[in-house]
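Several structures are given next for inspection.
Okay, so subunit A shows up in both of these, paired with subunit B first and subunit C after.
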Partner chain A sequence: MTHATLERGINALREQIDAPVAAFFNSCVNCGICAEACLFYTESGNPVYTPIHKLEPMRRLWEQEYTLVGRIRKMLGLSKAITDEELREWEELVYDGCSLCGRCSMVCPVGNDITYMLRKMREGMAASGNAPEGLIGATTRAVKLGSPMGVKVVALQAQAKHVKNDTGLEIPFDKEGADYMVLLSSMEIINYPEYLAAIARILDQAGKSWTVSTEAFEATNAGIQIGVSDIARELVSRVVAAAEKLKVKTIVSPECGHAYTAIRWEGPNLIGRPFAFKVRHIVEVLDELRKEGLLKTEGLEEDHLTFHDPCQLVRRGGVVDQPRNLLKMVSQNFSEMEDCGQMNWCCGAGGGVSANERADELRSKAFLRKKSQLDKLNVDTIVTACANCRIQLEEGLEEHEMEIPVVGLTEMIADHLVVKEQSEGGT
Partner chain B sequence: MSIEVSGKTLETDEDGYLADIGEWEPEVAQSMARTDGIELTEAHWVVLNILRDYYIEYQSAPAIRVLNKTIGKKVGKDKGNSKYVYGLFPEGPAVQACKYAGLPKPTGCV
Partner chain C sequence: MTSAEFLMFARGPMIQVAGFVFALGLLVRLVEILMLGRSENLAEKRGSGFQGGLRTIISRFFPADQNTFKRSAVTVVAGYVFHVGLFFIIFFLTPHIALFKHLVGFSWPALSTPIIDFLTVLALIAMVVLLWRRLTHPLLKFLSTGEDFIAWTVTFLPLLTGYMSYHHLLLPYNWLLGFHIASVALFLVVFPFTKLMHTFTFFLARWYIGSMAGEKGVRQ
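What follows is the complex of A and B.
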């Protein structure tokens, strides 16, 4: 990231005010309904976390430069110029107090995509040097080392060895022409290695060819979270280059929310051309395999289960039915959470919040919304499909001494695979 | 920054983590612990050895969940939790245990 200044920040904000943003500010009726949709507001009770308020410096810039009334007010000194101090103050609202979960956009009565604006606001914040240290660190590591957590290819190869020992299956690195190129999040490599083993077993049973690129295995995109498009583009380009080099048909985004948004929805826009391959979330891939009859499971979970919908899957991606189709295959006692599906509440850690240590206290407060949803259900196990949600749930549950295990959906499906018979296929 | 251990001067980063893990020896942990007023017991060494073994294999510090699981396997399931680790290292596995074990400052997880 080049040297950040107030001037660069204001220029960046100005550049971000495109037609949708201008139309959204123009349409806002100051109703405040978005506040009730935001867990940082509902759980803290502090009105500064009202989503549209988090955009106030950008709104004022829009008003001063693009509206007649705003120009006059500015000339008369009635509307103040944006200062560095103000942006510093807003940094906490824009990064710590927003997980880019998208609920505010869903409830806005005039249809403003507030999350879209917030994502753009972060571009100005980062350019003016007002971004959290934790997120700057993660972004720097992502660019320099290829992973926001500093996880190197050695760690992935070590996990691959463990998978080989446990399952007898080889992780196919750098294989040309594979059906699927599987991406991983650092969190999965280092914290949930069960995911890699689960993928290996499922795709082996389905008879699909797959690969992991040693040049681009990381799915997460810190550039999207911090709001620096140049970096977001660079990180997406690495994945695209690897996929094109290996000539794969489909890229599989892992159990991670924003990684899916980054590569699937923002990816082609960032690199300025359509992809020559498909991009799917692992849950979508599993559901496609189910439809094709290639996912054979046996046995049902005895536990009372629920599913936590990752925001980026349901609201940005519309992936609502797929996880439920899959859960039906392996469960008999399943309850939905209140507000499940498209309006599910965020875990409180998305959008870079978990990478920002300063936000720890607020993040744990935000978890109270999830806790109150869970308190009503009394389940034995929570299933989800995002490693970041999972760690937030695990930490929150531990803090409140609630002993409910959290399991990844892919892992749960893999646990129920029909064991392949030796004679199958005649070899 | 640097620390003095067994008559040698070892480079550290600004937070006191060893600059070169190769320079680590058990006395490094002893000396850092003494400064913090902690006496290293058998139980402490189990955790420090797990951290070192993991780092040597993965070139990264383990996530807290993985660390807890490994401790649970080694010394009993009732001890495989964050409370146990914080009991031994009051400042936590990242800040204290990794530092004593000679690992670089963890990024993100522990």
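What follows is the complex of A and C.
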């Protein structure tokens, strides 16, 4: 991110323009339907948050340089060049006012993948030096320390010790040939250490071998959030190197939506070759274990539950049924929220929004959408499968004095595991 | 110029030049898009991109989400009425089919003229509603550009002049038909250089988004 200039930004944008982008910009008729699907517009009522409008500088660049008419207009001096001031103005729309949640892409009548373009737009923003301070900080920490929140491996090892004390289970660090290499998000290490304990108990019961790499345990990818592919590639490469060194079969992405998108879908494209191992979200792994009969639970939650779908799982990842299959095992009083599944409303904090303090006010406004979904339900507990959604939900609920606990799905499943008899022996 | 001369000119050189500009412009625009290409997806696929692409081309004809539909009902309903109307008017009015037969060598059954007449009235009303929304709704007012109004005007004129010709309103028939053909020529010339291009590119857009989603196993 050194020497960011307008020229570098425009070059970065040029590199992003491909046939889908051209087809999308060609097809937009300014109908405004994308705005009605975007919580930053619906909750603020401000038309500047219209998803396609957030791409206006990129659209102009496409028009001026990749269309015949645009080139002629540019030659005749009839078009307005992109300026630094303009990009500075757009920074707030592109980072604070978008969580890359993908709802707009689902409803566009002509089929424009606006989210796909917004991810690309951020490449130009970052290269031109128009990215938020908070995200720059997170990205710098991710590169230098291996974690956007500055969590070091000693902190993880300390958590592993707690798990050992609580459950008697050793966290297997750097174990070669394991079935699963488990990644974590810093948020989980710091705020939700229950996740690590839950994984340990579930995989122990299932008799699967697993490991955590001390060289690459962080799953999230700040390079993607901020839009710097070189950094995103570096962060993915670390995970790939660790997985190849330990010769694991599957990488398990944690309860985090964007981390899944980063490693599962963008990862191989960033490093330019297919992975030799599989990548699965923890919810997918749990559902596979369930299917194989390796996930044995007992007892049902007495609380009235609902599930908050993380945007990256449903809309950008195709993981919709798995969490519901799992919840069926442990619940008896479950209600879906309005618009659940593929069209579920985003928590408002994904895609780097939560790392960007400047966006705090807008982020808490965006939460009002989730609040209105929850108000209709009257549940006792919310279950989700993303630590970032979880912290946003907890903060939002706190702000509105709604006393509804938020629980991670993996943790809830672990709470219902059939206790193994000692005589069977451990693995 | 007499009305007969004007009509001859409109249905002769004018529409021929317009048709040529339209065809050439369309080709340039499509090549412009496709030439950009796209990189191969190296991630392990969960589903078929091909099936996803085809499915989305069809599925986007229907609103994906009830809630968004409710919030944008006027745009969606008026948009549908006008697009469906326009489609039947262009391709199923008897004189239009005769023209297409002349161009492509074969024909198909027409819809009865009163039905087309009714669809034209609906389409005209829907278009006026959409224009009114663009001019008054805060969101659409904010988003709309000059190009949106140009596209609206050149689409509205052929519909209006066609309707007037059929009903012999205001002017002698030759003039009306001449204006109708001239307005179509204007539409054809403007088409490749504006967002009217979405008529063709929406297939591409849906194909791309659908195939990307299909490979991820996201159903659209």
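Throughout what follows, the second predicted complex is superposed on the first by the 419 of 427 C-alpha atoms of A that agree within 3 Å, B and C clash if a C-alpha of one lies under 4 Å from a C-alpha of the other, contacts with A are read in each partner's own complex, and residues count from 1 in each chain.
Keep this in mind: contacts are C-beta pairs under 8 Å (C-beta built on N, C-alpha and C of every residue); 3 or more make two chains touch, one makes a residue touch a chain.
Computed from a predicted structure; not experimentally measured.
For the composite obtained by superposing both complexes on subunit A, the positions of subunit B and subunit C are free of clash and fit together. Judged by the touch definition given at the top, the superposed model places A:Val419 against neither subunit B nor subunit C. Geometry note, superposition on chain A: angle between subunit B and subunit C about the Cα centre of subunit A is 140 degrees, to the nearest 10.
More residues of subunit A are in touch with C than with the other of subunit B and subunit C. Look at A:Arg141: by the touch rule set out above, it reaches subunit B but stays clear of subunit C. Of the two partner chains placed by superposition, A:Leu76 touches none, neither subunit B nor subunit C.
Closest approach of subunit B to subunit C, taken over C-alpha atoms in the A-based superposition, is 31 Å. When both complexes are aligned on chain A by C-alpha atoms, no subunit A residue touches subunit B in the first and subunit C in the second. Interface residues of subunit A facing subunit C in the complex, by the touch rule stated above, are 17-24, 26-33, 35-37, 41-42, 47-48, 50, 52-53, 66-69, 105-113, 116, 264-269, 272-275, 278-279, 314-318, 338-339, 342-343. The touching residues of subunit B, when paired with subunit A in their complex, are 57-60, 62-63, 65-66, 81-82, 107-109.
On subunit A, the positions that touch subunit B within their shared complex are 137-138, 141, 148-152, 154-155, 158, 186-187, 190-191, 355, 391, 394, 398. Residues 28-29, 32-39, 41-44, 46-47, 56-57, 60, 63-65, 67-68, 71-72, 75-76, 79, 137-140, 142-145, 148, 151, 193, 195, 197-198, 201-202, 204-210, 212-213, 216-220 of subunit C are the ones touching subunit A in the complex.
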